[in-house]
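Pasting the structures in now, so scroll down.
Presented sequentially are two complexes of chain A, the first with chain B as partner and the second with chain C.
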Partner chain A sequence: MPNQIVTVGASQAAAVATRTLRRRGYDGRVVLVGDETHLPYERPPLSKELLAGERSAEDVTLLSEQWCADNDVELRLGVRAERVDTQSRAVVLEGGSRVEATAVLLATGCRPRRLPGVEGGERVVYLRTLDDALRLRAHLRPGARVVAVGAGFVGSEVASVARGAGAEVTVLETLDVPLERVLGRRMGEVCARIHREHGVDLRTGEAVESATETGSGVLVRTTGGAALEADVVVVGVGTVPNTEVAERSGIACDNGVLVDERCATDVEGVYAAGDVTSHFHPLVGRHVRVEHFDNASKQAMVAGKVMAGRKGRHAEPHWFWSDQYGLDLQYAGHAATWDEVVVRGSVDALGFCAFYLDAGVVRAAFSVGRGADMFLVRELVGAAAAPDPAKLRDEDVELADLLPA
Partner chain B sequence: MQYYRVARSGQVPDGVVRRFVVNDVELAVSRWEGDAYVTSNYCTHLDCLLSSGKVTDDGLLCSCHGSVFDLDSGEPISPPAKEPIRVYPSREEDGQILVGLGDDAAASEGPRRRRPSTI
Partner chain C sequence: MSEWVRVAELKELARRRKTQVTVGDEQIALFLVGERVFALADVCIHEERSLSKGTVFRGRVVCPGHQWQFDLATGWVEDQERCQPTYDVKVEDGGVHVVPRPRVLAEAPEAAD
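Then we have the complex of A and B:
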């Protein structure tokens, strides 16, 4: 059989892997199997520019039909994969037809975690796809009542766009401060302040019991006994990896498809990249699953390289950004625990970088309005630097001078 | 098209990208595995300067949002950028890096203000 690489999933990781394969001189065919009917597209704008109406559905497309035709890439969209036949190496589609493959890339992504008592519907949106975003967008009008369930990045970005559209926004969060587990209490309080300064009714320590569509709106009941009427509800309370195809194929999973730094699964010839993976990361020292745009791209470039017969290793620090109320929020690295937070800049003026140190080593950093510093911050995290906290705090000391020689 | 001197070869060591301006054209000069490449210095995503990024095995990496461009073709390998950057013909001789520029280059690649972005 001639060389043919098949991706299960046709979103960002699949698109980047495809471009990488071509760049690395892979001359076999590439087939992308995806269950959505849209051309491959990127998701970050779905809670930002696209939701705000600043970008159209065409603007978020990652691979055009022309590019695919020019590069011998076949898009099989609106098609569900059932499993990978790991013996003869083929992707078995729903209905039983087979797509033969010399290598397979699992890039099935993740889906929103569902809340009991909160059915998705016309006015209750679990935001993940382009169609979800377009449906939500239609409700973001001046004076509309918007309830965001969860003050994570999805809920926060939607709140920001909804405020920009002139909507009244309530955000319900079960934790005491937003993003407490990721950022800690002090930085979570900064996020809470940002919401409140922009006119959001942020209610922390409040969980949702039910959300019921009433025909003209949604009735939201909280565990604290409050009843809120909304025109639209958006739910962002975490994700579940789409591991079903991998599991039906006998590929090892544990909160995601398990892969090593080369994006290889435990089955020869089967790779995985993006949100669906639980990947070993040397800076973290164990397997982690993240849902970051940059991670999906980086892993996909590695997978593409490896499938093209070259060496590749995913070892750069994790990194993501969030746009809220015109502010640039960024996070680099991965810190599950830390013993010190060192702030460089001004929290009050919302121009700062907070470094998360564990035993003196910079494991992660969160910045607001300091995008220009983040390139060096990522280098610090990547180098596992252990700078003198006094120097790290001192803005007269260049970050570049704190990198290990 | 005419060839112009951009830089001394030694000004762009391996694994480095530097900014140069020739005839009002904003250029990024990169070197990877010995070869020099001359491209537009503007990321096609939001016009960030690629010379603030870095040269990697995957291509030229923009420091703003992580877009990566192939140095040979200018193809966007990794989003958010989806349009290629312009790659200029270049050669290296007598310790100099030369770039081939057409008459229209300055019009499309002259100094520009970055498009609004969060960074």
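Then we have the complex of A and C:
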């Protein structure tokens, strides 16, 4: 059979892998199987520019029909994959038809974690897809009452866009400060302050018991006994990896499809990239699953190169950004634990970079309004640099000079 | 008729190693690396951030917005497969001169790896 690479999933990772394959000279056919009916599109704008009406559905398209036609790429959209036949190497679709493959890329992404008592509906949105975002957008009007459940990045970005649209926004967060597990208490408090300074009613230590559509709105009840009426509720309380196809195929999973630095699964010829993976990362020293656009893109480039017969290794630090109230928030690296946070710049003025050090080594950094520093921050994290904290704090010292020689 | 326009003094560029100049409708970012000057369109083709506020490292300028890495000489972004416009630039009589006509690569450079 002629060479044919099949992706299961047709989003960021699948699109980047496809482009990489073509750029690296792979001359076989590429087939993308995706369960959504839209052309492949990028998701970060769904809680940002697209939600704010600054970009249209067309603006977020990753691969156009024309490009696919010109590059011998077939899109099979609105189609569910059932499993991978790992013996004869084919993707078996729902209904039983088969798409033969010389290699398979699992790029099935993740889905929002569901809250008990909170069923998704017209006015209760678990934001993941373009259709979800368009449905939510229709409700973001001046004076609309918006409740965000979860003050993570999804809830925070939606709160920001909703405030921009003139809506009244309440954010409910079970932790004492937003993003406490990722950023720690002090930086979480900075995020809380940002919300409150922009007129958001942020209620921490408050969990949701139920959200019920009433026809004209939603009634939200919290475990603390509060009842809130909303026009729309958005829920962003983490994700679950879409591992079903992998599991039905006998491919090893553990909180995601297990892959190595080359994006290879435990089955020959089957690779995985993006949010669905639990990938070994040398800087973390173990398998991790993250839901970052950049990680999906980087892994997909590696998978594309490897499937094209080239060398590839995913070892760069993780990185993501968030746009909130006109502020540029960025994070690089991965710090599960740390023993010191060193701040460079001004927290009060919201122009700073906070470095997370563990035994002196820079493991991660969070910045607000300091995007220009983040490239060198990534280099510091990537090099496992252990700079003198006093120098790290001192803005007269260039970050580049703190890189190991 | 020469199209070269003197847009900045090398001495001033040497102080901060990057700056932004405007020639007609063109907003141009200038970078000094060693003794060589590079000129790229200042407004990032991705989301309109200013590249002259970016970080220069290993022959690239990194946009502060989404960390796209532009090759200073060609404007090419390897992992996005897109190209920032560049300008012809030279240093003469202590002045930085550009031809205010943007260029983009006609085709993608050979993949490095």
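A few points about this structure:
Going forward, the second predicted complex is superposed on the first by the 405 of 405 C-alpha atoms of A that agree within 3 Å, B and C clash if a C-alpha of one lies under 4 Å from a C-alpha of the other, contacts with A are read in each partner's own complex, and residues count from 1 in each chain.
Keep this in mind: a residue touches a chain if its C-beta (ideal position, glycine included) is under 8 Å from a C-beta of that chain, and two chains touch if they have at least 3 such contacts.
Quick caveat, the model's predicted, so the values are computed rather than measured.
Overlap between chain B and chain C is detected when the two structures are superposed via chain A. With both structures placed on the common chain, the touch criterion links A:390 to neither chain B nor chain C.
Residue contacts after overlaying the shared chain place A:138 against neither chain B nor chain C.
When both complexes are overlaid on chain A, the residue A:359 reaches neither chain B nor chain C. When the two structures are aligned on the shared chain, A:349 is found in touch with neither chain B nor chain C. With both structures placed on the common chain, the touch criterion links A:297 to chain B and to chain C. Contact with chain C, but none with chain B, is seen for A:373 once the two complexes are overlaid on the shared chain. Contacts of A:319 after superposition: both chain B and chain C are touched.
Shared-chain residue A:400: touches chain C; no touch with chain B. Touched by chain B in one complex and by chain C in the other are residues 19, 23, 294, 297-298, 301, 305, 319, 321, 328, 371-372, 374-375 of chain A.
Residues 19, 23-25, 294, 297-298, 301, 305, 310-312, 319, 321, 328, 330, 371-376, 378-379, 400 of chain A are the ones touching chain C in the complex. Contacts from chain C toward chain A in the complex involve residues 49, 53-55, 57, 62-67, 69, 79, 81, 108, 111, 113. Interface residues of chain A, counted against chain B in their complex, comprise 12, 15-16, 19-20, 23, 42, 44, 61-62, 293-294, 297-298, 300-301, 305, 319, 321, 323, 326-328, 371-372, 374-375.
Those residues of chain B that touch chain A in the shared complex are 52-53, 57-59, 63-66, 68, 70, 73, 75-80, 82, 118-119.
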